[in-house]
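For reference, the structures are reproduced in the following blocks.
Note that chain A is present in both complexes that follow, paired respectively with chain B and with chain C.
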Partner chain A sequence: MVSLSDTAPVAPRRPRRPAFRRFTISNMLIAILLLVCVIWLVVPFGMAVLWSLLDPSVRWEYPDVLPPALSFARWIEVWNTTSLPMALRNSYILAPTVAVTTLILASPTAYAFARHDFPGKGAAQVLTLLPLVIPGFVLAIFFSALIFSLGIYSRFLSILLAHSVLFLPYAIRLMTVAFSNVRLDLVDAARDLGASPWARFRVAYWPALAPGILASLIIVFIQSIEEFAVAFVVGAPNFTTIPSILYSYLGYNFVRPNAAVVSLVLVIPNVLLMLGLERLLKSANPAQTGVKG
Partner chain B sequence: MASLAAKGISKVFEDGFQALTDIDLVVEPGEFVTLLGPSGCGKTTLLKTLAGFYDATTGRIEIGGTDVTAAPPEKRDTAMCFQSYALFPHLTVAENIDFGPRQAGVPKAERRARLESLLRQVDLEAHRDKLPNRLSGGQQQRVALARALAMRPAVVLFDEPLSNLDAKLREQVRREIRALQKEIGFTAIYVTHDQSEALAMSDRVVVMQGGRIDQVGRPEEIYARPETAFVADFIGAANLVPFEDLGGGRVKTPLGELRAAVPPAGNASFICWRPEDVELVEAGAASENVIRGVVRDRAYQGAHTELHVATGDADLGLQRLHVAGAAPAEGAEVAFRLGADQIRFVRSALA
Partner chain C sequence: MTLRRTLTIAALLTPGLGLILVMVGSVFYIAVAQSFGYYNLSGESAFSLDHWRDVLGSKQFGRSLGYSAYIAIISALGSIAIAYPLAIWMRKPFRGSLVVGSLLKAPLFVPGLVAAFLFLNVIAYHGVLNQFLIWTGLTDAPIRFQNDRNGFGVIFLQLWKNMPLALLLLTGAVQGISDEVVDAARDLGAGPLARFRKVIAPLTVQAMQAALIIIFIGAAGDFAFQVTAGPTNVQSMAQYMVFLKTSFGRWNQAAVVGVSLMGLALVGALGLAGLARLTLRGLKW
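Up next is the complex of A and B:
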């Protein structure tokens, strides 16, 4: 047989634009984007880092641009005097459990949305988004009443249930997309080649589902770590999570450096996870590329 | 290599749509049979029923004499080449081809031998470690074929495998498929809507329409002796004219009285002839089967010129003629003769 080579058509070069026009439009947009990024993300984050490292012996006041002295004293103080170690443990046990539970609960619904047509599908899809529009505290107050009247007194279980309901919309959306990325011809091909159900899953379903599963786990995990209303109303005072401690600094005993420490404890792992998620979603998924001629 | 028999297959989908009606088809071992028909004629449904993806509502399917009607696709000794190729995108060419034998638990040495010989046969040795999306369409098609053949299936089922390729490549790959089929000797059932593909590749062609088989025959039979107006029109080009039987091979048509070599069968309702079967004659020639008309338009096709000729009867529409060499101009009056043995009689449609 003759080997076939792709003869990619040579794209005609676009006429060069005058240099000044490129400068005014695209460079200015990039500059504005960078500026917004700095104002909204880098400055607050940098301030939090600086405040958390402020030495307790000095004050950081006008006209000092930077703190006069830095130390880890605040970090040590917060770690030793608050229930942060316990809250960390609670949050980091709760959030993965919520992430997995939500994924398991969302998958059958997502499968149905992606793969089946049934009467009322549109309405059902809107219904599953409802938890997003109900304010957290409203849900928390009524949910705690419901939980107690059901006789569930485990704080962990209650928050787990509440968080799962609260974050189902994210998982359902992500998994619906993932399931609709599963190519049925691959499932058929695997069957035709004698694949067992497990082999079929691995070769036809998993490659399409994996990015959705990971995205769903990470997003629900982050949401659960950061959620305050339900965790506070249902869990306090016995079950503290990191946001409960953070919110306790708002009010009469507001100590900015300590609040900064807790914020960073809350935020840094999430930022790392988000960066990981970015990479996952960007990773080239060969299942998405079509057939070349 | 094995025979395949479909006996009285019909398929009614959940929504009540009857996709197949009373399909009877026997494919001999090593035979290359094409299912040909327009889209929606049920050819792909039939293929998927043979593969086991659809359950037949009624009827039996036998492969090599064994009843497989109730067997799922993974238990049938068939392998399918999909229209989309359906290559596993995250597996390399070699892994794709090796997938079936690995699932079947074929011993490792045997698997390697099959892989090597198939890679050589489809000329993809240089691409064995590439992912499918790095290959051209023709190469992907060949991986799909090799993957199906690696199963050593009794029957290979092709679902319009060439429809995603451009015309030139299509012709080349179809020759390759046919050569491989002769070399390895598998039984093949091939779905296409392209009549030239069907005529060029097949031992036998099954022409389908509306979920039924209209005619089964060798390509030459299908072309030369269509049994229905649909087959005549779908395979190549045909002129179809209603007639009245005058007895003794003589028929009365809107084109005039004609004589056919063979008298019409009882259920025939049209006469049919191919555009290339006519012969232009002198305008004044007085012999039998001569028809006169005016050229309404002409299209030069290289080997021949296609003429659309209006004859006396306005309701009949234009007759198509293929004329080699110098062709009359538009508006010219022409006379052409039909050979008595070129006139066939066809049924209107479904029997």
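Up next is the complex of A and C:
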């Protein structure tokens, strides 16, 4: 009896290519691109770090490639002599408040988009994108006119309201995907087994909603921390945020080492949060999940 | 739909969509009303075309409008032109593609003001770029790159910040094209350029349009890049609007500029998106 393996044609073994042939155009492109990316990111950020660490007693000028002396004196000076601590406090109180408020406001609309079919749903979904298509400074300036005429004088409340509206599109989109990921058969099964409303929420809703909720909180938090137009037009000069301080160092009062310190204070926490967000989005994959209905 | 169901959906939509419509609608209404002399925060409110006449008649407005349109068009088209080849190259995962993709997307995470500061450091008179040029012997003395008259610095910053967004949208669209379609085109003798023109570009036109619209609107309304790195002899529309409002308290004239900026954003973004579709439809034939 002839076994199958005896009769099967043996594929000719491909000769191993020499090492230099394996160095393809693609590999070369990767090497070039990595080099460009390093120049693209490492050089600018490296210079920002060096400027922030430049000792105040020395000057960094041509032809010095590196600063003559490094210290944390600039960081201490900026912390002690500028309104950065207050701006940090304002930004880090405002942003979580905006994140939670936006989530609360977005969830009912997201639920309607994910779980209900109704006439004009497509148009309604497009209309939620309106805050993204109005230029930021137009919105900021005429929003300030609106709150002035409404008699709202609290800068915090004004910015909270403006940020919540500005970032609702992100939260609505993320929560729509999260609500559409809730499996109704699981909800029904839990109900048939006599689960209480809380138990049903815990086993059927929460696992699907959690990544969307966290992603929404993080993305709105980051957007609020970074937002400049509303914070500058509505908040300045009484309510300063980190971008407002950075703008003051980049504008009339250009102090490079101080601007470097504030830039790093603004960007480092956001990059760390973004990395966390990317993991969350990968686990939830809302970008590729179709919205039900 | 029953009345109860209609009311339920309306109640669900009110806190999110309702708030957006009320707020954005109010802002739009105030801008338009103020541009025609209504809704004045102080003094009498009455219909007037004077503000439009004053602003449209000023040379500064024409320069600002042209400059913002120029920056927005170059930024949108440039971002797409750089992102397309990269998206096609990264269509299939390869060794190192994850790292390359992450590095390319990194500027998305950097706030605009920080990006402007990083750029200013690199191009400063005694910055690393000038040091490199002198070291290589390409120039004998440092060159002044900051606030160049043509706005190249602003365009570079726009590309740095927006190209990753275009790449993100286009990569998703390009990866969505099945191998069978591309292989069929290849089997029929289509070269790389023909495959792009007749298969990839028409199938990814929606992502390209989305990228064009988002980048155009953002670049047309730019304030931060222009103020920090832009030319000093011309103002962007947003800068001009803020200048009118803060320097002289000319709310009505600022409103005219604001409404014009919204018009530019709408017409420009839709025009570019329409042009892209028309061009690709032409290529498809």
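Criterion: the second predicted complex is superposed on the first by the 246 of 293 C-alpha atoms of A that agree within 3 Å, B and C clash if a C-alpha of one lies under 4 Å from a C-alpha of the other, contacts with A are read in each partner's own complex, and residues count from 1 in each chain.
Operating definition for what follows: contacts are C-beta pairs under 8 Å (C-beta built on N, C-alpha and C of every residue); 3 or more make two chains touch, one makes a residue touch a chain.
Please read all numbers here as calculations on a predicted model, not as lab measurements.
Asker: With the two complexes superposed on chain A, say which partner A:N270 touches: chain B (first), chain C (second), both, or neither.
Answerer: Touch partner of A:N270: chain C, not chain B.
Asker: Among the partners chain B and chain C, which is in contact with a greater number of residues of chain A?
Answerer: Counting residues of chain A touched by each partner, the higher count goes to C.
Asker: One more residue to check, A:A259. First (chain B), second (chain C), both or neither?
Answerer: It touches chain C, and chain B stays clear.
Asker: If you stack the two complexes on chain A, which partner ends up touching A:P135: first (chain B), second (chain C), both, or neither?
Answerer: second
Asker: For A:V58, is the partner it touches chain B (first), chain C (second), both, or none of the two (neither)?
Answerer: So A:V58 meets neither chain B nor chain C here.
Asker: Once the shared chain is lined up, is A:I76 touching chain B (first), chain C (second), both, or neither of them?
Answerer: In the superposition, A:I76 contacts neither chain B nor chain C.
Asker: Kindly classify A:V233 by the partners it touches after superposition: chain B alone (first), chain C alone (second), both, or neither?
Answerer: Once the two structures are laid over each other on A, A:V233 reaches chain C alone.
Asker: Shared contact residues on chain A for chain B and chain C?
Answerer: The answer is residues 287 of chain A.
Asker: In their shared complex, at which residues does chain A touch chain C?
Answerer: Spelled out, the residues of chain A in touch with chain C are 26, 29-30, 33-34, 37, 40-41, 43-45, 47-48, 51, 61-63, 65, 104-112, 116, 118-119, 124, 127-128, 130-139, 141-143, 145-146, 148-149, 161-162, 164-165, 168-169, 172, 226, 228-229, 233, 243, 246-247, 250-251, 256, 259-260, 263, 266-267, 270-271, 274, 287-288.
Asker: Enumerate the contact residues on chain B facing chain A in the complex.
Answerer: For this pair, the touching residues of chain B are 51, 53, 72-75, 78-80, 82, 84-91, 99-100, 103-104, 122-123, 126, 131-133, 135-140, 142, 147, 151, 164-166, 169, 172, 176.
Asker: Where on chain C does chain A make contact in their complex?
Answerer: 1, 5-6, 8-9, 11-17, 19-21, 23-24, 26-28, 30-31, 34, 39, 41, 89, 94-96, 99-100, 103-104, 106-107, 109-114, 116-122, 126-128, 130-131, 142, 160, 172, 213-214, 217, 220-221, 223-224, 227-228, 237-238, 241-242, 245, 251, 254-255, 258, 261-262, 265-266, 269
Asker: Per the contact definition, I'd like the list of chain A residues that touch chain B in the complex.
Answerer: Residue positions touching the partner: 1-6, 183, 185-186, 188-196, 199, 203-204, 207, 286-287, 289, 291-293.
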